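You will see chain A twice below: alongside chain B first, and alongside chain C after that.
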Partner chain A sequence: MSDEPRDATPTAAAEADPDVSDELGDRLSRFREREISTVLITVVGVLVFPFIFNNFLDGYTQLATLMLIWGIFAIGFDILLGYTGLLSFGHAVFWGGAAYAAGIFSASVSSQPLLVLLAGTAFAVLLAWVVGFLSLRRGGIYFAILTLTFGQMAFYLAASPLAFLTNGENGFTSVTIGPLLGVIDLHGGVPFPLSIAVDNMLYVFVAAVTVLSVAMANRILHSPYGTVFRAIRENERRAEFVGLHVWRYKLMAFVISAAFAGIAGSLFAIEGNYVPLESLYWTESGAIVIMTVLGGVGSLFGPLFGAGLYLYIENIVSGFETLGPFWHLILGIVFVVAVVVFPDGIWGGVEYLRDKVTGGDES
Partner chain B sequence: MTVLADILTILLNGLQQGAIYVLLAVGLSIILGTLKFVNFAHGALYLIGAYLGLFITGQVPLSNGQFADWGIETYGIGLGFTAALILVPIIVFIIGILMERFVAQSFYDRPDTDQILVTFGLAVIVQELLRALLGGNSQPFPQPGWASGPIALPIIGNFPRWRLGVIAITAVLVMGVYALVEYTDFGLIVQAGTLDGEMVRLLGIRLSRPYLVVFGIGAALAGVAGVVGGPLANVNPNIGTEQLVPAFLTVVIGGVGKIEGAVVAGLMLGTLQVALIQTGYAAWSQVGIYALAAVVLLVRPQGLLGSEVDVA
Partner chain C sequence: MTLLQTEQLTKQFGGLTAVDEVNMEVEQGEGVSLIGPNGAGKSTFINLVTRRLEPSHGDISFKGESIVGMDPHQVVQEGMSKSFQTASIFPELSVKENATIAALAAEHGSFRFNFFRHRNSYPAVDELADDVLRSVGLYGEREAQADSLDYGNKRRLELGIALAAEPDMLLMDEPTAGMSPDETQSTVDLIKRVKEELDLTFLLVEHDMEIVFDISDRIVVLNRGSVIAAGTPEEVQNDPAVQEAYLGGVEE
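Our next item is the complex of A and B:
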């Protein structure tokens, strides 16, 4: 636990000697540390991704969209698990709760995608405040079990007592999504310059939200606030001794991660025009745990890759002739191997290779 | 008269529903209390118990899954239910010991979070392996011949005989474990190790073997729960995770490491659930147990019978 994630280390090392900047590694690491470059990398990434995915990896744009949506969820979850060190087993309540809130809002108040997104996210944040307030009374395993408890409670509430709102086991079917800003049809085509890379307006919308989410997460994690999260992860008691109100920071980490889950959940409702009851079930909480750990806890981009890999195995590998029926088993095995042998996930491996090539950050 | 009969029926059904929770929770609780190990794969042990029970009891037809694709039509060795009741705990005990040696041991020094993650992963593997090989459909688990059909009880009237069997088996097993922990030298060592493992080791007593046995017993109880609980509902790959959550709630409500706490909590949850179903609030029965758990944990975070000092 002693080594910090590389991209989180402050710029001190690179700025110390400005004259010896010829080295590739130095330039790369300085480029990486600027906020604008993180955003640029993400923009390029989401634009190139569907092209590569559709042409070389048997993918299709709808799955690429879902990958980004789950990616946003995973980024938020990592703020809680990777940076603050809290394992929640009930994040489906924010994902599914936001999806239901967004769906119901779209059906009965306004079908404006941006407003729907806002409504779903706001609901997740409010819910997180309550659930977090109650669950964070106990640490360690109790936190995991309490979040799981509230998650399951929400599932069973939505299943029958609240069926008049949620439509019970059939899922919420009356999601209605209007054109974006009143003019852009989300299910329509894409105007010329963009159409080289992307064929679907919904993907562009989700990609834009993804870029914003990455930028937000990056900003939060590089702020003093984010540093406190890491301090709590490393040593909660010491953080308390230097005068930090640990409990309040934990609650905020929980609410922030739920906000990302809310953004993702609302997009999920917008994307599918439908909210399945399973979106609240605890297997969804398990899925986000697997995605985040596979991708690499404690890194900004890792969880995005984890989400992509999970959905790839679930949707593409499951169609393979011999491996197909075993897709979920494969995921489980890969996950256990990751936990035991590669605690830093895929992104940890990527960073290891990068450091090999560039000579490392020497921090 | 009928009100009394209703109440007694609720209590008896609650006892039976709670019995499964208790069997699972006692195992979880002693493992968590003594070894400080969080076992999210406990539900998977229940699942293994149920499928092993099916395998030993009779011939089960396969309609989908890989085995069916490979041309295997049935599985099972048909030794009957009593054999399953004896063999399954032994097999799952061994599985538990292997799990302690090869999985749990290397995680004792790692954070709770890692323990939860790795055991959760194991649970996924077991569940999905069974689903892939044997198919995801529900299999009926026949009740044992000697305990099927109703039995006439005073006041209540007819009551399923097997449900009484579940209650009796649970009572015997839990009392046995309780006696083992409370009244034997083995139990004394385990208790001492729970309080201060370092001190016990300094006295020259090896703790690794008693811990191994504790893990095995916990696993075996989960296995029995699978065999006993199987005939109450159908068996499919999801039942393990479905039982895990209430079992964990039972542990934390009762207080970690407390066998009597697990019994009280399990019966509370079972009775509440049955009471809600039988009084016409079936829709709220699941919500009810989670709400009860949340309330208990908020008012009394260490659990009903738990002491102030615990693993949190």
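Our next item is the complex of A and C:
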């Protein structure tokens, strides 16, 4: 402050800093606009989450880790479904495909977690280029059916013709994960400052990748890509008639979403030390659709919450004594209620409430 | 300089010849209207030019280069933009974003792989979108959701989107269809002003003869797929063939 020229009177300072007179809502919305804010919110979120989850919600760290992994998958899926308006029913092919690629890579090339992650993701991206190239030829329901077909093809390929690679119905059991960067044991404990929040190195690794994934998704959605994707969702023909190569942008959306599925699938193999054949099954493609819609299509954080809630019901509620056996039914009811009450998903409901609170004290 | 030229352009749907060996030219800076009774082949002609339909035979060239075989987005990139018959906008996006999408395509081409910078760091795109919104009078509403505009303003936005593609030539398919008299008048004024400001070439399809005679430099009359007359508004008005087509034997 002492370096400032003397004529910087209090009035000038106040003018230069419009925040001073701002309403709380305005300040909040400006904070949300900034990229770094999104990252910070996510960092705080992933650090606080296991503490709350383990202590108050009957959770355990391994499930928290899985929630983040599926959350990454859902964030990517939402770029395709929520922002570009394309419903794929075959995304298990990228999730499971990446898990297998990561697992096989770890067993036969390198057990370095970062390289394993990279290998699985690269495989998903390459696969998406091919699958997208073929299935984006048709729109709407044909696209959904084509992706479903590719997904099922991959499932049967992994089940028998490629069993020498995938170990068929038993799943791939030879995943070997070495220490991160050669020194950090992923299954070991956590050093002091972090240990207040989390108890497991694997969670820290997955959480770090989650933060990066959120930052990437946030950047993509705030880049021209995000604008063009939403334009395609809103009015594909118009987008074409302003001079955009709609098909290539759709392929990009498809590949980007598959990249996220690839990151998540690779983490899934790393986390479980195992790749089940079911990871390629169509039910996984269905689960990701439900998670994304449940959380809120067209929002950045919604899918993370959708994934969390889905897994919570599947793993925690299913263990309740009386309600447990009916967890599928409960999931269905939650889905129907969420879709009817909050058409924009859980996150849409949260945003609605937040706007009521921050916008309420204006007048 | 001739911007648009069709040679023997023909489109047949089964046994019906919707457009029959049409030869027509649009010069740089010219405002041309295409008129004709219902079923004369106007919409088919526009759809051929914008590459939504494949011609049965004949050629279409834009700036001296054949555009037959190009995709619609390529034709737009060449400089021919289109305003639709209905308000074809991006309803859930803001007015500004609507214009930005066209401006992105105008400034950066039909596809860019490396497009990952924050959207605020493309000032040329931003400026173009703002300019267009100012010229169609929607700058004040740039933050509004496009869907919340009234019909007249949606059509203005539609026109704005077409202009943000930075066209050398603008095709307009009944720009005042469904508008109230007030909205029609303000749209006509807008088209006139934009034509002057941007030295815009346009090809207009319109039913309202008052508008056509008001804003066209030249009029081309289609009937049953063929050009039956072409010339200045006065020439066309006094052409017996045109009067015949409009007043007698129009039952089709």
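Heads up, the rule we're going with is that the second predicted complex is superposed on the first by the 332 of 363 C-alpha atoms of A that agree within 3 Å, B and C clash if a C-alpha of one lies under 4 Å from a C-alpha of the other, contacts with A are read in each partner's own complex, and residues count from 1 in each chain.
Simple rule for what comes next: a contact is a pair of C-beta atoms (placed from the backbone, for glycine too) under 8 Å apart; a residue touches a chain by one contact, two chains touch by 3 or more.
Quick caveat: nothing in here was measured; it's all calculated off a predicted structure.
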item	value
Touched partner set for A:Ala215, first chain B, second chain C, both or neither	neither
Contacts of A:Val317 with chain B and chain C, given as first, second, both or neither	neither
Touched partner set for A:Ile184, first chain B, second chain C, both or neither	neither
Partner chain in contact with A:Phe241 - chain B first, chain C second, else both or neither	second
Which of chain B and chain C A:Leu57 touches, first, second, both or neither	neither
Which superposed partner A:Leu157 touches (first chain B, second chain C, both, neither)	first
Partner chain in contact with A:Tyr249 - chain B first, chain C second, else both or neither	second
Touching partner for A:Val39 - first (chain B), second (chain C), both, neither	neither
Overlap of chain C and chain B interfaces on chain A (superposed complexes)	none
Touching residues on chain B, where the partner in the complex is chain A	32, 38, 65-66, 106, 111-114, 116-118, 120-122, 124-125, 128-129, 131-132, 241, 245, 248-249, 252, 283-284, 286-287, 290-291, 293-294, 297-298, 301, 311-312
Complex interface listing, chain A residues touching chain C	35, 219-220, 222-228, 230-231, 234-235, 237-246, 248-249, 252
Chain A - residues contacting chain B, complex	81, 85, 87, 89, 134, 137-142, 144-146, 148-150, 152-153, 156-157, 159-161, 163, 282-283, 286, 289-290, 293, 325-326, 328-329, 331-333, 335-336, 339-340, 343
Complex contacts: residues of chain C adjacent to chain A	50, 71-73, 76-77, 81-82, 84, 88-93, 97, 100-102, 104-106, 108-113, 115-119, 122, 125, 161-162, 164-165
